[in-house]
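Working notes for the structure below.
Read from first to last, the chains carry the letters A, B and C; within each, the first residue is number 1.
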Amino acid sequence: MTETLMSYEEALGSYDPALGLEVHVELNTNSKMFCGCPTEFGAEPNTQVCPTCLGLPGAMPVVNGKAVESAIRIGLALNCEIAEWCRFARKNYFYPDMPKNFQTSQYDEPIAFDGWMDVVVEGPDGEPETFRVEIERAHMEEDTGKSLHVGGSTGRIHGADHSLVDYNRAGIPLIEIVTRPIRGAGGRAPEIAKAYVAQLRDLIVALGVSDARMDQGSIRADVNLSLAPAGSDVLGTRTETKNVNSLRSVERAVRYEVQRHAAILSSGRSILQETRHWHEDTGITTSGREKSDAEDYRYFPEPDLVPVAPSREWVEELRGTLPENPTARRARLQAEWGFSDLDMRDTVGAGALGLVEETVAAGAAPQAARKWWLGELARRANEAGVDLVDLSITPADVARVQALVDDKTVNDKLARQVIEGVLAGEGTPDEVVASRGLAVVSDEDALSAAVDKAIADNPDVADKIRDGKVAAAGALIGAVMKEMRGQADAGRVRELVLEKLS
Amino acid sequence: MSDIRQTAAQMAAALAAGEVTSVQLTQAALDRIAAVDGQVHAFLHVDAAGALEQAAASDARRAGGTALSPLDGVPIAVKDALTTTGMPTTCGSKILEGWVPPYDATVVRRLREAGLPILGKTNMDEFAMGSSTEHSAYGPTRNPWDLDRIPGGSGGGSAAAVAAYEAPLAIGTDTGGSIRQPGAVTGTVGVKPTYGGVSRYGLVALANSLDQAGPVTRTVLDSAMLHDVIGGHDPLDSTSIDQEWPSFADAAREGAGGDLSGVKVGVITELSGEGWQPGVMTRFQESVDLMVKAGAEVVEVSCPSFVHAMAAYYLILPAEASSNLAKFDAMRYGLRVWPEGDAPSAEEVMRATRDAGFGDEVKRRIILGTYALSSGYYDAYYGQAQKVRTLISRDFEAAFEQVDVLVSPTAPTTAFKLGEKLDDPLAMYLNDLATIPANLAGVPGISLPNGLAAEDGLPSGLQILAPALADDRLYRIGAALETLHEREWGGPLLAQAPALVEQTEGETR
Amino acid sequence: MPDSAARVEITRDEVAHLAMLARIDLSDAELDHLAPQLTVILESVASIQGVAGDDVPPTSHALPLTNVFRNDVVTPGLTPEQALSGAPEVEQQRFSVPRILGDEQ
């Protein structure tokens, strides 16, 4: 079904969006939330399971202390209060990928609550501006299994004949971070949503508590959106868009839902309270489950677990392990790198702050690191429809590519081929240079011979240069580079041409 | 030669003295099962080959001088609510028919590690919901004292197996009295340990905050020895108590002299009166007098909130059970029923399976529990019930400031006739009136044989309750009272039970 | 139980709704006899309302343990064969289940 959309500008003329973000972070603990099963991504199906995470009759959960520690550190990094006493609760609903038919989660007693995060976005005047996102809560829970839908044409749930369930993911620790409704974002709602998730991910990376791979689902965002008539305080009916699994999708999904809601409301119809599914490929949301009154999770305290009561000493000890706060970190890095406000905003906006930082740490000059991530790599991420961090190249690889340029092993053009090779899984930059034979030819005899050949093949051009028309050298340099299949230092070729023809 | 009427402690002594082998003891138990279980139906599954193999291994160990525990080689029966590798675990339900778990419950693992051959799995009310074992999907167990009567429940199978000399020892589970009440009506001993004293890992949960596994035996000392084997901290159960426990067998041996001087005993006012069978009350009063004669100081203690225990229990239990039993959905194990119609969905298969696989009482409690937890009712029901729990705990605390232990009859009546209360859930629930408060507060309790009620000649039980963690008092005082009783009766109460007619294969009752 | 019971009733429609939540396909006959039975039970337990005031804290655990944690170490679990041993149907080392309607939560 194709939805009618209102243009984004028109929608914002009549309505104020209210945003809410629920982000699930899969922790990178060795073992699961309530059992000792491993948490490796991509293992053979049902090889990382035990009676507890399979929900076998009689099995019982035991809390992973490291997961509690990570939850507290995330809470503290989000400026939250840490509960002095809290419990796990059962969220009861039936679904085949959930082994016990209840999720062990937290309900009215989350481990962390009442926090905030300042996100940096572009202000109305184009200058960077800080926007405070309030955090309602961060709580601990467990992931579900994964279903493979068989028999349908698309591999999707609809039209499938039956499904195959793998419970390796069931029981992996999740921290669910929920914002308060974000009001007053106006037309910047999509940008703020994206910036929030990007910064949250940076924070998670800095804390070292998750692989933070959106493409592998270790960070998953649900986007709640409602529209209120411009100037009104009354929130409209909200929809909850699931499966928003990249930063660019966060932005696109918010924009799409604003336009869809506005079209429905302006035609006098009302919004259905429902979950929506985001489709990365087509850039639209489709209707999911209706959130009716029948939804009744019958929460109650998990009787198989005892309360979590983190001592204040422990909390303060964990506070001491927190990375620098994001605002201070940005200011410090900007000063260290000598970036302009604009450079800095673009770097943060692209979700590349951490990547640039790591690339610099690996030895690259800050501007060079920025150039790679915001130029060539951004272009390739965009082509592939993934986020920068999800590209299969590490900051250390990027720093090495730059080092190869700096020592003239490769030129700019070859460097891009090196990157292509690394992204294609051909190995490290040095391995790609070797296997693709990309190193610049530095053999002076070979270069000299190639220059002589170009002069002999282009006598007219050679004459012009001899007559002092140095600009004509470009044609000979081109011929040499072609002969050398690009693997020559163009600057050295130019020197040789001019030497020989002077 | 082996004598199935020996106590487990006697069997253990005979094994140690080399007078008997574990294979002989185990074979004798299996023979008795073959001879009487057609009538009693205490077992859902008998693992003769497995038990004999374990017995032979025990004999080999003993010959090598490396017995694993005092009970190494003494056979045991396990309630079908505990997971066992190599044997099905059905919880008395069709929905788990034939399910063989890929793991052992911690209690079962400890039995194996202590060298006890496991004879098989005993019958129970479906998912332990009931007080008569009539709610088993596989047919009721019968009381060895009168085959037309109930053996109590939910652990009627374990109690009947022990009372019928089919096993010297058994494991039961007690959520509101399912060890103690069957003990009372079959003339056997049953102990519900302090909550957290015995691991629940592998005990298929009925109501997690109330469930506790414990010994089912013919004597106090046997229970104590078994408790020593199965108890103690288990890191797989977060509610397990992490402390060293004293030897309960030592406590039972200390008490066996029959001296109660210096012991302060409280009689609970609220657990008597209307609805209590006169013959049960008479025997109870006689036992109280016996304790006084043996030196105990007896006072009456009021626990006013106990009158609300039943209501709290029948809200907490169904609520937790409704959530626990959600996992039986035809997706990963157990029964799968396909409803009529083209390509039914997972949800339709779940609904059809749960309708076909659960019995009436289970459905009744799931619906009740779903109601008690649903939005709008939670505070009025589940929330209130949890507060009443606090009041009951406070009553216990106040009582135990005055006395060392509390006593009451274990159940208000002797065993009733099969079918008599099946259609009256409320009447059925009243059987657990005296046993429920201990589960709500987590304190330990024991039921001892307490003589036969005059009006029907059937066994009654006496319950002793102790403060949390003071399980040793149950054994010390229980063993003393047992000694005093047996002096009066001239032997164990079970010796007065009518003999079961042993049948050879092929015969039916 | 005391007879201060509040007037409570579970209607047939409510039982049907609860059965839907609990995923039990109750027949008409079951609905008919369950509703009055549940009403009787509920009437008897409803006495609990008002027994404990706001000053009484609820007890969810009989013993006041807190902070029972496991170290973050991998322990042996089940083999896929063991994990799938009870499954009604298996395909591609996964649990085969009927087609799923509706979405993940």
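Here is the rule we use: a contact is a pair of C-beta atoms (placed from the backbone, for glycine too) under 8 Å apart; a residue touches a chain by one contact, two chains touch by 3 or more.
Quantities reported herein were computed from a predicted structural model and do not represent experimental measurements.
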{"item": "Which two chains share the largest set of C-beta contact pairs", "value": "B-C"}
{"item": "Chain closest to the middle [Cα centroid of all protein chains]", "value": "C"}
{"item": "Chain centre separation in whole Å, for chain C relative to chain B (CA means)", "value": "23"}
{"item": "Mean-CA-position distance for chain C and chain A (Å)", "value": "38"}
{"item": "Chain centre separation (chain A, chain B; CA means) in Å", "value": "55"}
{"item": "For chain B, residues that touch 2 or more chains besides their own", "value": "99, 101-103, 209, 235, 238-239, 322, 326, 329, 331-333, 343, 346-347, 350, 370, 374"}
{"item": "Sites on chain C at which at least two other chains make contact", "value": "21, 23, 60-61, 65, 68, 70, 78, 83, 95, 97-100, 102"}
{"item": "Residue list for chain A, restricted to those that touch at least two other chains", "value": "51, 54, 62-63, 94, 96, 161, 163, 165, 296, 298, 303, 305-306"}
{"item": "Residues on chain B engaged by chain A in the complex (per definition of touch)", "value": "82-83, 89, 91, 96, 99, 101-103, 105, 200-205, 207-209, 235-239, 319-320, 322-323, 326-329, 331-333, 343, 346-347, 350, 370, 373-375, 378, 382"}
{"item": "Chain A residues touching chain B - in the complex, by the definition given at the top", "value": "51, 54-63, 90, 92, 94, 96, 99-102, 161, 163, 165, 296, 298-300, 303-306"}
{"item": "List of chain C residues in touch with chain A within their complex", "value": "17, 20-21, 23, 60-61, 65-80, 83-84, 91-100, 102-105"}
{"item": "Chain C residues within the chain B interface of the complex", "value": "1-2, 10, 14-15, 18-19, 21-27, 30, 34, 37-38, 40-42, 44-49, 51-52, 56-63, 65, 68, 70, 78, 82-83, 85-89, 95, 97-102"}
{"item": "Residue ranges of chain A touching chain C (in the complex, touch as defined)", "value": "29-31, 35-38, 44-51, 53-54, 62-68, 85, 87, 93-97, 103, 144, 147-151, 157, 160-167, 242, 275, 277, 288-289, 294, 296, 298, 301, 303, 305-310"}
